[in-house]
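Note that chain A is present in both complexes that follow, paired respectively with chain B and with chain C.
Moving on to the complex of A and B:
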């Protein structure tokens, strides 16, 4: 990627949607396309423990040696052209369209419960110049179909991972989407997810972000059919000088839909968390039930959270609410634990886990939940 | 043996304790009574190491160990236990996980090995039975949605499981009906023996009918003003503090005692 392209292609902070997240350090990196890793089998130890079908991508290319393919009828042709109107508010998705090489196209037939499928991204940029990867996935669930999709992103070195996931849920379809971003602390991770829900469809997303030097997870959900439900839950754990941004835009275009945006941020050191949540209610979307909540636990005096709720409502019979809480650990709770002999560091860890417990317990898939708990434990171990 | 020598402390520059001398020999249970604002809870918090108090003089030793220089968890490791007057709620922390973490931290401090989940459950269920508590208490979040009486029983459950050398019970009787009071007292009495001592802070003689103390001390104005046998508690119950020449302190002072 040339320097000139980086300057014009990356959104600047002059754009309202990018006011709190500055991509200039990424532009300065001037990454190049990630080279192919030939010996992918040697990376088996880097894989998270995910039983069942999984598609593994190494430096953006499908690694057959590490993958456990799903049934053939679930894999469709990948289309990477994208919908220009849909992509307009997401400049990084347009960049992905320009550079995308590989990805998964998953189709679940009508009425079929496809169980759990994992998409794993490993990016290896060791001993090399900074690289970029633009994975492109498309997930389509036909009427009444069900799938649990676990996405995991990790790697080593200095790289930029810029995935786009397009999701279409036909009437009555249910997708549970668990995303774990555990990238190298030197890396950049910017994900854009588009979700289209038709009548009665349900999208349950849980995003855990604890890696990367700078990360943004941006979801655009459109509730286009009556009675659709979208729950976008996210947890960010940030420390050092990490920057983590959870942005979501939920468009209620049909009546009687419900949406939840719930974010829990744990911020330590000089790290900075961002939550931007937007609810758009079209004139036709009567009886909309929209809810948005950002909670932040600041563990150090230099930790920062920026919350920006936006509600744009054109219908007159709706229920929309938003809230934000920001606090430190409760000294009374900390003292209670310590008075029972629990050392301070362990007591703090216990209270942070308690802060996250409700969000983690809501993840119904056992393998995904175990992986989340492991990732959070590893984050704590690294904090010491 | 707990030795408190000439202990003085203040909150925000205001003196609360004014030279407390108190010795609780190993194996004995002592009671502290006193009017509101006399410094009873301040004393218990300072012993346990809560922040927000300035110790301005004196010392506290448990079996020779200087407690005041230790962190709260180190005091617990040294064998000290405070049953809180107002146990805090810990949403998201399961009671079983909390109790096991605390027990294993205590065991490690004693040089003992951790208990695994099965060993812990066996021990915890036995302790629950002794205190007439339901097993589902372990599944609930610590003190969340507990009644006042359940919170106090949960304190005594923790004490029964942690088996401290020295326990401070800060108004553990408040909020308990008579049946719960007997159960809680039974929990304390079960620990009594040559290796255990306790300081029972209470307003009422009622608790001391069930946990009969070796000595009773009257705290007022941040000092021990009188000490005696169990009969002193009964005398106080009958005639009040004023009859003993002890003025109840003003509401202002009482308010200051709670940080």
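Moving on to the complex of A and C:
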């Protein structure tokens, strides 16, 4: 693997897109391909409580014993070759292409509401040297189809999980995509998601980042058909020496599309949060409506947030804006709660939850929302 | 103009309105051979009769320049610059002082007239003996920099009475070497960036201002920069120091002749504010922007930085950027003193093929420091206009505040407007707020103005001026009027 690193090269901080995230610790790890875990059934307790069909991958391989397969008409062939030009700005996706072995290929037929499907990744590297996994998923929704996709990533040990998800939404299709990253605190997680939206398609994404020593979630959404809508919401809760990076590029290539982004970072300890979000509006994309909001709470004197909300606009009849705020918990609000007899820790927890509520309320799937709230509660309890 | 007259043909309007300052003055010049080497730097230093330490300082900068490469991160495109094809020294030939305006080189006088400098000051700038210092108390003291050298500075005696030093930096090197040595390069070090290193190696003149403790400068100080000679670069260096409790307002204007080839302008401005000092620096940048097809124009690659070293000090940058083929400029503040304040008010207008990548950096080091950024970008024609800014809250910046607002206006569908802010915070008690919007001129606003008898062009000018009001009101009076006119000229031909 280290030889391959030398060839393809992990992106360095000299690349503008990697200015705030340093992958040298990952390069130093020199991970090897993850070995197969034979007794996957023993990992049942590690699964998140998600009802309904689920595809479980253990160390990057499909684990039939843990999976509840979706209807046969939804399973398609896995196509690993994507458009190389599309991957150019995402060097880690190119690495994934080089190493990908397995993944899910989902196709939802036209007009069909496929309900909820979960994709679960467990990476186990407890007794071994550092390992890597490069899962590759392809999700295609035909005209007017609907799906809720819940992705969960967890594991134990020192590993690098580098998934790529390619999503194609035909006209009028709707995908709700909830992602929970709860990897081991020693691990590395770098996800790249490509979304292509055709006319009138809709992509609603929510990403929660809690785990990993270093994590990056990079979304490239292209609104290529008139009237497409993309909502990208993300929440990161970081502590210790964690590094979490949310990066998004929303390209408006067609007229009359709308995009909304809401990003909330809560940073404690010596952790560092990064948000980079770019809205690109092409000449043809008149009547674009783009909005982006980034809010960060710094809970400790050693926490850091770096934020880069970018607009790149080539069409004149557009409405694009972004906002960013950074600060601590409001001392007046804390005082108000303390004056009513609420202990400091509980008061702080209450205010942080209120800060996150707006983003989480947008998740319409009940099971997903419950899982998110529980994950956040568990994080908060672990904090004190 | 009647409301029913159709707007002028855009191309015709552009060529008609054009660039009023595009004349070239035929004056006898002393020019160094093309090319940049240690010998060039030794020549410049010898011409300026500089002390040994400054030559060493320049050579160190030159060494740093050779180590660095041209920055490529800005959203601008230009053919490679051949730094060996430029003259690094060009100066009007010195003659004994004329006795009256009648004896002055008429070309030089005509230049000042076209630049809009008042008659009395014209005489002084032209070096007429005994001119100035008489008559009524003036409002503005002027230093004029013609190509590489400062040709004259007005009202020095009045200023000297107040204890203010305002002179060409070459003179300050001779007359006030300790001050120059102490502060030069203390805000923008020689090797700071490619263009600052180049400037440090070859700068030929610029203004020097020193306002001593407790003194409020009795008048506005002003510099006119003018590039005249062909194939020269202009590299002026400005150094402004306000001691404890001092205050000064400084204005900068610049123009250049109209030519097909591009010319390089790489200036460095350093501001230093000690305890309770205030420096207000206003720029109306009107270098030749190139023609409607994008031929010619100035490459304006400038490093401007202010250090609020003292407690409660304040540095305020106001800029109206209408000229230059390419602008690469980020007037910044290092907020070190407790409770110090940095401000940046900017209007950047690009039309035709102009490119602007401009913004600011606010580095908050000290507790309770505050910064405000108001940036308005207007793009028309086929131009590209980028706001690029950095707000950084360092760990000791307890209670620091920043407010940033960047608005972009697009006129026409062939231009681009971009916003690239970097916001970094390492202190939980620091608060940062950032807002940015991009939009076009609303049809209902235009309709409203047209319905009341304004022409399309006048309506656009009115709306654009309203859009820029927050920035224009920060300019000193005379500059504000000039800036409004400039906005109108710059946007000529962009609507129709």
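We take it that the second predicted complex is superposed on the first by the 379 of 384 C-alpha atoms of A that agree within 3 Å, B and C clash if a C-alpha of one lies under 4 Å from a C-alpha of the other, contacts with A are read in each partner's own complex, and residues count from 1 in each chain.
In the analysis below, contacts are C-beta pairs under 8 Å (C-beta built on N, C-alpha and C of every residue); 3 or more make two chains touch, one makes a residue touch a chain.
Because the structure is predicted, anything quoted here is derived from the model rather than measured.
Enquirer: Applying the document's definition of touch, where does A:36 land relative to chain B and chain C: first, second, both, or neither?
Expert: neither
Enquirer: May I ask you to decide whether A:344 touches chain B, chain C, both, or neither, giving the answer as first, second, both or neither?
Expert: first
Enquirer: In the overlay, work out which of chain B or chain C sits against more residues of chain A.
Expert: C
Enquirer: Quick one: classify A:357 as touching chain B (first), chain C (second), both or neither.
Expert: Once the two structures are laid over each other on A, A:357 reaches chain B alone.
Enquirer: Per the contact definition in the header, classify A:377: touching chain B only (first), chain C only (second), both, or neither.
Expert: Neither chain B nor chain C is touched by A:377.
Enquirer: Is A:336 touching anything from chain B or chain C once the two structures are fitted on A? First, second, both or neither.
Expert: first
Enquirer: After superposition on the shared chain, which partner residues are touched by A:308: those of chain B (first), chain C (second), both, or neither?
Expert: second
Enquirer: With the touch criterion stated at the top, can you tell me which chain A residues are shared between the chain B interface and the chain C interface?
Expert: In the superposed arrangement, which is not itself an observed complex, chain A uses no residue for both chain B and chain C.
Enquirer: Where on chain B is chain A touching in the complex?
Expert: Its residues touching chain A are 48-51, 71-73, 75-77, 81-82, 84, 87-88, 90-93, 98, 101-102, 105-106, 109, 158, 162.
Enquirer: Would you tell me which residues of chain C are touching chain A in their complex?
Expert: 73, 393, 395, 408, 410-440
Enquirer: So in the complex, the part of chain A that touches chain C is made up of which residues?
Expert: Going through chain A, the ones touching chain C are 16, 283, 286, 296, 298-328.
Enquirer: For the complex, which residues does chain A have touching chain B?
Expert: So the residues of chain A touching chain B come out as 330-333, 335-344, 346-347, 350-351, 353-358.
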